[in-house]
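Down below are the structures I want you to see.
Common to both upcoming complexes is chain A, partnered first by chain B, then by chain C.
Moving on, here comes the complex of A and B:
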């Protein structure tokens, strides 16, 4: 078929223009802004003052900002193990032929359709509360006073509380992705392995797991993206001013961009906020490359 | 089958058209007052032509309240009356706190027409996007009915001493307390110094009442005001900005005072785990705790929990041993209005601001929100805050928020964490100072 280049250009142009305007331009502008001292995100270019990598140096020299990255990495690694591990287990159980599969699938996925604000409020007020929260009442009812008296929202426990509640809300999402991968594995392979004498556990580790590498890559990349944008849960666990235990780079960026609460004079720093955005972007890109380099999914044919 | 496809195509096209129409007609406003019918973004027509003073004038007003809040409802009524009286058309848009914080400057920079707005006091970060209002105030002799301390505060935000904001809804911080519990403990007068304060705490404890609690977001308030009593607010700011925790002996003295309160059991057992607003809502407002350091907005914030029977009391932070100021110094502040540089008719905007901040509507705002009026002529303060009036009247020195202790947002998180532990008795005063010194140097 003869290609009509004009037609191709005509069809591609609107989407290309939109892509450049909505994605490419903001990315370039953000990277550019990160090398300038800028107060407001909408300040005119004439008021920008070039300061090289000072925004990056100043951020990395700030203990609170470093703490925010430590928290993010803890969420990524610890939360990743919990979320991806538990969701994989749930998917394997559902795939094993458990009764009422559709019902359990819906129950596990349900937290994902509830707003994060409602979910976090529920956890803070009705699960972790030290007077009437579920954990307090439950452990008290079974006579475990020491566990009932744990103050889940105290400075030493707040991160754990945040992590557990966040993971709870995301497990269903990753479980569905695992499940979709498992559904693609041919029953013939399981049948063959059964004939060879493999138990269910052996099938999981030697058949299911290797054949889910591609899904694992997808889940890990998506987990990195969702961690880099971690904001709402942290904001709800520390609603007015940030906490050392729950602060993440997005919270720090918000405070830089719009000013912190409870201060007499609001100071804003859009240049540093842009630098944080760039660093978060680099985090996702690095994770993407690491995942792609370390996990190969093209050496097994389904 | 073909017909089915056609039908589906038509339906899809219809859905797309409707979706585009819905997106296109979206007003910049989050919520608009029912009376307004205008579209934002149009330039204000010149005044004149009708019988009323502002016939033909159009104002776009962004409010930091929500339409469903009491403030929002009263302001809507005031605006409606203003429109009926003056002939002006006011496009009142309720943006909420974050709407103003996040959206107003970009909107003004994008040449969006916003004539006036309200929000948290100190709008100095708006730069030349807001205009001085000194001439407008002078022409209307506006200041004669206002609170002088608030006007001074609003001027102090600007290097040239010319205010760009007009105060309303005053607020102040101190001890909010439960009068019924005080009476139950046999306490007849509020404490004015630290020894009396400790005696009050002990009496409450002896009566089986936990003296006080706080929430994570408010932990710096008591400590900061205590330290400001000893140092003054400017030196407190120097401590947090320059990391002078160990170098300033008053920090340790203050920490020891709170270590003492914690060791005597004056704080709630839950003080370390009260994530805002748990302490204020489930401990103080429910009548379980005697005192709570907070602002005068608290009675309004928890009125749905306390009901009308709660007996509110207020006293200023007591004087402390070795302090350099007394109850004449306190944390006070306000909400404020400002007029933007996009406003074509500042006189009309100022007239609307005057209407809300003076006389009847100022009184209605105070009454409806259990707030503090800004108009001197409105001498009746809400019963819940009547105790605060003498302190406001006698105030000659204004402390910064938390006495200046929250002046460094990079340190506030570490401060909150260590104060929660100090109040809970989990760390000593010496450990507090050492931890803060480490946090400042890192």
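Moving on, here comes the complex of A and C:
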């Protein structure tokens, strides 16, 4: 037994220490910091000024910050409907008995392994380009001049462009998770329902969907987590100065921390940056509880 | 014979019914291929041809020098080497740290083990911004970003540290499925449990170890946010950050064909991994999630 104790200590300690140092301690400290006014991120503790919930109040009073949350919620709800909906559709198609299933799913998942910077560059510099871009040439070729002339990267369209290109890349991931759930549903249920005369479409709505509630919960939670960390795509769509149409809380936090090109709109303040982190964390926690309270899956045997 | 024929006929009709599905898949996949094909074309073309929309004419031949210009002139070789070093070292450390960690967490109960398990699960939902502010504060105040070597160590430590929860959670079911009989037999033969783990249990979780390493490698290769904050000099930039700075410089240099060549260089390693190892990637995703 003593040998086991040595092993447990030797195996658990290094990773636990790293985990505490890089997760536990910083999380607690961030919550603590969010109640202080801290000018420079490197300021020592003695120069911090306690100001209660003022950081939260002044953030909520800032129009640009509120815009960043509206954008995030738009990404969460609109993007969520698009991503989870389309990925479910794709999974259903793959499950319906098409040939070359492995090939289709591999290609659809592929964007997930590519660097987001490279992916976004392909979209911004090629697909959305207004002179030689894919959408421009495609709509021109089929004679839809009005669609061909859409300026995808103009302030009006930028958010749509951002949302479409971001969702396109993530759909493959959610599709695979849906598919893994579908594959766990017993073929007997489908057989029984088709003997009872259910069509493929009816089977999808009355058999597959109800049995996928657990997967739906997983996907929705993962979607909330990935939305809370939304950063790179927004940065790439407006690389120098944050645009009101694409700004998200993480971008705003980055500017709070290190200053921005448009310095007049955002003043540097590490305490407020910490408060933004806490608010994003609360967003994830709230979504987690909402998802778990509203979707019940415990009564279903798979 | 006759039976086989009729089932084939049914199959044909069945496939015909799936036509709308095929149409959706084909459209989606064609779009992906058109974009990739165009970027490959643009990377071998000239900036002039890109803007004239005549990249596939190759009127002046294939411009492989775009790649050498990007590789050397735009420092992509430096970024590439950095990312490779960061990814390889981090992935190795993650396995060395997390494999034994995951193993003791599934096999033994010890003071704090339940708390650690809960903590790891909770950490996978914590936005990265919740941890970086205090870490930046401590690291910058200690002056660790001023020296190249310490800056590299900081980066690798952060890549490893932030991936500990994911890697450990991922590996747990793989170690759980290894039968305890092996360790018991080893212990009867007088083998120390530490040795029994590395020599007997560790190799048996091979599938999980390979899969999680592939995911970690791809994630660290593509990593952007931590590098943006913690990389203090151009010489230490990984590919994603290097590519981003190139894009920002593009309005001054105007070298679009070079940009697309750089995109291809950044894209190539993870793409090659995917071509050869997609079985692990797709298997790891579809097998690892509980409904």
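Rule of thumb we're sticking to: the second predicted complex is superposed on the first by the 276 of 302 C-alpha atoms of A that agree within 3 Å, B and C clash if a C-alpha of one lies under 4 Å from a C-alpha of the other, contacts with A are read in each partner's own complex, and residues count from 1 in each chain.
In this text, a contact is a pair of C-beta atoms (placed from the backbone, for glycine too) under 8 Å apart; a residue touches a chain by one contact, two chains touch by 3 or more.
Since the structure is predicted, the reported quantities are computational estimates derived from the model, not experimental observations.
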**OP:** State whether chain B and chain C clash or fit side by side on chain A once the two structures are superposed.
**Re:** clash
Original post:
Counting only touches as set out at the top, which of chain B and chain C does A:247 meet: first, second, both, neither?
Top reply: first
Original post:
Once the shared chain is lined up, is A:239 touching chain B (first), chain C (second), both, or neither of them?
Top reply: both
**OP:** For A:225, decide between first (touching chain B), second (touching chain C), both and neither.
**Re:** second
**OP:** Would you check which partner chain A:87 touches, where first means chain B only, second means chain C only, and both and neither mean what they say?
**Re:** neither
Original post:
Looking at the overlay, what does A:272 touch: chain B (first), chain C (second), both, or neither?
Top reply: neither
**OP:** Name the contact category of A:284: first (chain B only), second (chain C only), both, or neither.
**Re:** second
**OP:** Check whether A:203 is in contact with chain B, with chain C, with both or with neither, and answer first, second, both or neither.
**Re:** neither
Original post:
Which partner does A:165 contact after superposing on A: first (chain B), second (chain C), both, neither?
Top reply: neither
**OP:** Please work out whether A:42 is in contact with chain B alone, chain C alone, both, or neither, and reply first, second, both or neither.
**Re:** both
Original post:
On chain A, which partner's contacts cover more residues, chain B's or chain C's?
Top reply: C
**OP:** Indicate the residue numbers of chain A shared between its chain B interface and its chain C interface, in ascending order.
**Re:** 41-42, 44, 125, 131-132, 239-240
Original post:
Quick one: in the complex, what on chain B touches chain A?
Top reply: 101-102, 105-106, 109-110, 122, 124-125, 157, 216-217, 220, 270, 272-276, 278, 282, 400-402, 404, 406-407, 409-414, 416-417, 420-421, 424, 439, 442
Original post:
What residues on chain A touch chain C, complex-wise?
Top reply: 3-4, 6-8, 10-12, 14-16, 18-19, 21-27, 29-30, 33, 41-42, 44, 89-90, 93-94, 96-99, 104-111, 113-118, 121-122, 125-127, 131-132, 134, 137, 173, 176-177, 179-181, 183-184, 200, 212, 214-215, 218, 221, 225, 228-229, 231-232, 235-236, 239-240, 250, 253-254, 257, 270, 273-274, 276-278, 280-281, 284-285, 288, 297, 302
Subject >> Interface residues, chain C side, partner chain A - complex >> reply: 14-15, 17-18, 21-22, 24-25, 28-29, 32-36, 38-39, 42, 50-53, 97-98, 100-101, 103-105, 108, 110, 112-113, 116, 119-120, 123-137, 140-141, 157-158, 160-162, 164-165, 168, 192-194, 197, 218, 221-222, 224-225, 228, 239-241, 243-244, 247-248, 256, 259-260, 263, 266-267, 270-271, 273-274, 278, 281-282, 285-287, 289-291
Subject >> chain A to chain B touching residues, read off their complex >> reply: 39-44, 62-64, 66-67, 124-125, 128-132, 151-155, 157-158, 237-245, 247, 255, 258-260, 262-268
